[in-house]
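First chain A sits with chain B, and in the next complex the same chain sits with chain C.
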Partner chain A sequence: MQAVLQNTSRYLSGGRSGHLIVIGLLVVMFIVGAVLSDRFATSNNLLNVYEQSAGLAFVSLGQTLTILTGGIDLSVGSIISLVAMLTSGLINGNPAMVLPVVLFVLVLGTLIGVMNGAAVVVTGVHPLIVTLGTGAIVQGVALLYGLGPTGKVPLNFDTFAYGRIAGKISIGATIAIALFLLVWFILRYTRSGRYVYAVGDDPHAARLMALPHKRVLIGVYAASGFFAALTAVYLVSRFGVGQPYTGANYTLASITPVVVGGTMLAGGRGGVIGTLLGVYLVSLLNNVLNFMDVSSHFQLVVQGLVIILAVSVYVEKRRVA
Partner chain B sequence: MMSVSAMPEKDATSGAFVHTKLMPILTHYGIFLFLVLAILVSGLITPAFVSRDNISNMLMQLAPLGIVVIGQAFVILVRGLDLSVASVMATSAVVATSFSGQNGDAAWVVLAAISVGIATGLINGLLVTKRNVSPFLATLATMIVLQGLRFAWTQGAPSGNVPPFFRSIGTGAFYGVPYNVVIMFIVAIVLAIVLHRSAFGRRMYITGGNPVTAKLVGISSDRITIAAYVICGALAAGAGLILSGFVGVVDNFVGRGFELDSIVAAVMGGVALSGGRGTVAGALAGAAILVVISNAVVMFGLPVQLQTIIKGVVIVVAASLYVNRSH
Partner chain C sequence: MLSLQGISKGFPGVQALTDMQLEVRQGEIHALIGENGAGKSTLTRVVAGVHQPDTGSIDFDGALVSWSGPGDAKRHGIHVIYQEFVLFPHLSVAENIFIGHERRNRLGLIDHRRTRSDARNLLDKFGIDVDPTTLVRDLSVADQQMVEIAKALVHDVKLLILDEPTAVISGPEVTVLFERLRALRNAGVAILYISHRLEEIFDLCDRVTVLKDGKYVATRMIASVERDELISLMVGRSLSELFPKRNTQSADSPVVLEVRNLSIPGRVHNASITLRRGEITGLAGMVGAGRSELAFAIFGAMRSSGGQIFVDGREIHDMTPRRAIAEGIGLVTEDRKGQGLAMNLNIAANMTASTLSQFTRFGLIDFAREFKVAKQEIESYRIACRGPSTSVSLMSGGNQQKVIVARWARTSTKVLILDEPTRGVDVGAKIEIYRIMQELADQGIAILMISSELPEIIGMSERVIVMREGVITGELTRDEITEETVIELATRRYAS
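On to the complex of A and B.
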């Protein structure tokens, strides 16, 4: 037990030097942006980048947890789509329904996550295949609920996405930071948090030491489902309505910040702070590319190259260590 | 559904018979039994399902997926995964529209498209073997890069035409057998011989089954792995051409969903994600089941959305049956 905890803390500190790479890239990106345009380094632009990072931040927070256990959640996109449709569909413009519906969909997302985790634990099938399957099911249910944008939300529902503290600091993005810090604390200082690393680092050893690995797995997929649902509520707040493909791009997009932030797909190494930096890196990168007048098409190319670059760097580190 | 064929042996009282006779048969041929059963049941519910037209229709839908799933099976056999196949398919289809659109260019189109597939496979293979990048991320990255290049090249919407030659390959038939199905079976037979009868195939199984053993017996597992990704890329490019001929219209997303469908079909067909286990015939049967399910839902007059839901259920159930058997 002690050994596992020591190991995991060693990995955590290894993760911190990984943070330096991402921070370095953020600084480089900032300098490039500032050189490119006078409007880049203004508080206005940077606050916008901050505001726009919220959606990606929520979903990748949950994804980090599943990847830390050596799994992955490919159903988040479908969960976002279904929950987004239910949010605007059930509220349907009625202010009195906002609170109950938001609570309901957050619980629903969590329950879908619990089912994902249970399916992983019970069947023993690789999470990639399990969540691919459950993702297809959830997407099908979303399409049964409606084939296009469904329902509407009250006007002030956009506070979550567009509200600003003192007219400057985005509320949604700040909530995201708070949640990242909360999860970071849980991972770092609670027993359950250490178990997440232990299960991901060596599932066999975790089982031998009688760690509650089944509960840990169900827990991380439940968290992933919850954060996917939260992303959905955010997106409805931002766009005013949910439609059956609201979350389609988020499944793969949620993985990029995680791996760029230094969390290994093999599990057991990395952490949420790296992911948060990864989210900011992706957001800042898109912003800089906009200033460079790079077409949105080439932005994809750059994103793909960043993934290759990032994973190559981290692999190199592992070999040296 | 799977349980229809799997249930009886659980109720049987003679356990020895079950374990020595029935289980091996189910393990090896369960997927084929299920395919036959699915076709029979669907035919009983809706006779039109087994009509000549509908079977020909399903075979035409099967051809592109069948070709991709064989490549996917090769990659999974060596413990890999290829998420870039759909992106390769779309890119190959866009390549097909980037020439004059006349039959005179058909050979160049094939050459250019297959080259794109081979190049992508080579990059995937090199990233996985030489840079030790996880297959999931390596192929995810090439998928995104290809998509971006495609968008930039076409400025969002491809405009050219597919040479009529591909149109006739994609939709024409030879004495009632669609051309693209003939191509699929030729590809399947050739690659089945390569996999199950050649030294290369044997090396693939050893590499996927146990890389350490592979190294000890002097197999360059890097080279075998790269070859698997290259074969997969080339097949995906070919499938993209066939699909563009079948659909007739090319957009930037030809083959959308094929990356997941091909993985699912391969896994359903008994290709183990842990590597070293699986056959070409099994993978094809997995693909056929996906096509049968999609088609049956439409023929039964059920809501099309059920396609996705049933597919999801079948994936998880089928995959879990394989896991339990291996224990």
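On to the complex of A and C.
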């Protein structure tokens, strides 16, 4: 029984310490918020936090997969910017274009991811460098497309970001949860999912065991590109237009929930449920900072601190002989 | 089961195998021996489909084969257990056993329950006592090895290849491993067993094939071959030439290092030793007897309580490694990678690491001079490499060891302590290291050699100090040193 529990908690959490740290932090954050403002612990505010978590959730979901394989995707911010520009630019107010354009940009994001993965596999260059490079390329293309807000979308395009089930539960954030559960299921119950962990745990062993490590790597970067594009569509839905720097802060932002959620940068350990909790923690933190009336620039400072703290908490302490 | 004919394989700059032959029969344990660099690993990789041979034919299970890759060989029943395990530390034992062959249900999804129960059955069947839900990283090395073997048994394994399986395990674990291997042999599996420990081969194997310099030398029945013959086949020299000729004029030469009543709480109790100029002193005892700790304390790298250390009759208070080096004392540690060498630097940089100040001008390193000196050392120590700029990580254990000794010999003008200097190196490199030790002793350096190998202690030492559980139990002079006397002291229970 204990072994079963241990095994289950490992899969849910990725680490022995489990999600207890994140859950504990969520509770602390909640108490701090409630003390700071009596408007914080209202269902209205919490439903808003939930709603706003969606944009970060998609891109972090993809980032979790790359980090699980021991890699990282630093091009997601640029992908979001380019895809956001193209979404509003190509739709350009025409309702008939919504469906084809959204499908097109999601495929485009996926293809950029496939190129990332292929470059990693073929060149053997560390993904950090590969995606930093493609990120610069994609950002350049976004700026070539337009230097400011480009195009527009029909009014009802905001349903993805602002639509609510029964007038309460955000549609976008609920889709995010569904996608997290889907990816969790794939990681847990499919061979591809198992190989994501294996490749991240020991790439050399994965090669010697003749596991399809190339396919796995291309797959996770493709997924990362897809989910970045989904975040871009969400942001256009939310702001009504795409700008060349829409995704600027999202590269760092997408990593924070992953590491806060207990996924190891070294790969092979962690999981998406931790990331989802991490997304909520970051969203709650930003909400609390809003109540404290600090500038959004300060939120960036806090986020930098959180990511360093998180990694230092989870970093494996060297065994003392 | 397996038959190789005329296999050759070259890599850029090296001809690894030339006209190699090998035959392994069903239901036998076949030993493959040879010095490092003899081509054992390359041969293994050719058989396992990692490398494709340039010429020659592989016959496996009655058919001429040509593997397209490791997966291909595996599908046909060849399984290799490498020295470095191919395991995923953060997956469970069960998940590791079935990696690549996941147990799935009708929907094609992973069946976790069946993965666990199948793993448990498999482990039980071969008497491997490991919980399938444990993470592999939480297992002992011996258990990890058992998981590797269990992994092979998932498939219909016909040929199991083990590359130096006992390099990472000890004593009782080896016995268990051998039992399992014999059981597999009796079940009809062909086993190719690579090792350089002759004792094991005599204990376990049925036949043996010797390689040297990438070429086939001979195949013998274990029952009808002598240990000395195998050694001479491997090194092309006879056993009596293993140890260098000794010059025994050092018995009354002056004492350079004296340790009086030195203790390390919990490790070493009241140890007193003397080392003489130009003398090789063996420090024998079981693993854990406190020998390495004593060496560390003499070198100032471990805190000692009480006791005195004299160098040339002067007492040195508060010994530190820096002080020890300044006094001409050197310590070659047991763990090369951990404490001795910067693996990614080249030979020259490693050799001059402790004397770098001699090679700098205006704070800049004089590479020309560094390389010149490194070249001389490479020659005098006969280090096999392409030149001073060879990266240490690419060299064999024996050659790495020579680089370390060369470095320490540059600063150790009085005393050089070597902790298990020939561990993990092949016979040829051992001979070289023995020769170097003797040469250093002839130059007047006092050598303290810690070793767990009795032949080495007996063959090299002028005098032997024996420790047991932190206490020096005795000292033997040249004529008194025999296997029996050393073992007696190393295991003696003294009156309490």
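One rule holds for everything that comes next: the second predicted complex is superposed on the first by the 290 of 321 C-alpha atoms of A that agree within 3 Å, B and C clash if a C-alpha of one lies under 4 Å from a C-alpha of the other, contacts with A are read in each partner's own complex, and residues count from 1 in each chain.
Simple rule for what comes next: a contact is a pair of C-beta atoms (placed from the backbone, for glycine too) under 8 Å apart; a residue touches a chain by one contact, two chains touch by 3 or more.
The shown structure was predicted, so the numbers you read here are calculated from the model rather than taken from an experiment.
> Examine A:Gly261 and indicate which partner it touches, taking first as chain B and second as chain C; both and neither are also allowed.
neither
> So, does A:Tyr197 touch the first partner chain B, the second partner chain C, both, or neither?
second
> Could you look at A:Leu143 and tell me whether it touches chain B, chain C, both or neither (first, second, both, neither)?
Touch partner of A:Leu143: chain B, not chain C.
> Tell me which partner touches more residues of chain A in the superposed arrangement, chain B or chain C.
Between chain B and chain C, B touches the greater number of residues in chain A.
> Looking at A:Met209, would you say it contacts chain B, chain C, both, or neither? Reply first, second, both or neither.
second
> Looking at the overlay, does A:His126 come into contact with chain B only (first), chain C only (second), both, or neither?
first
> Contact-wise, after the overlay, does A:Ile307 reach chain B, chain C, both or neither (first, second, both, neither)?
first
> Between chain B and chain C, whom does A:Gln299 touch in the aligned arrangement: first, second, both, or neither?
Touch partner of A:Gln299: chain B, not chain C.
> In the overlaid three-chain picture, which partner chain does A:Gly242 touch, first (chain B) or second (chain C), both, or neither?
It touches nothing on chain B or chain C.
> When the two structures are overlaid on chain A, which partner does A:Arg188 contact: first (chain B), second (chain C), both, or neither?
Touch partner of A:Arg188: chain C, not chain B.
> Output the chain A positions appearing in both contact lists, the one against chain B and the one against chain C.
In chain A, nothing is touched by chain B and also by chain C.
> Quick check on the complex: what are the chain A residues that touch chain C?
3-4, 6-7, 10, 188-191, 193-194, 197-198, 201-202, 204-206, 208-211, 268-269
> Any idea which chain A residues touch chain B in the complex?
Against chain B, the touching part of chain A is residues 72, 119, 122-126, 128-130, 132-141, 143-144, 252, 255, 259, 265-266, 295-305, 307-308, 311-312, 315, 319.
> Which of the residues in chain C come into contact with chain A in the complex?
Within the complex, chain C touches chain A at residues 69-71, 74, 82, 85-92, 95, 99-100, 102, 104, 108-110, 112, 131, 133, 135.
> What residues of chain B sit close enough to touch chain A in their complex?
Checking each residue of chain B against chain A gives 81, 127, 131-134, 136-138, 140-145, 147-149, 151-152, 155-156, 260, 263-264, 267, 273, 303, 305-309, 311-316, 319-320, 323-324, 327.
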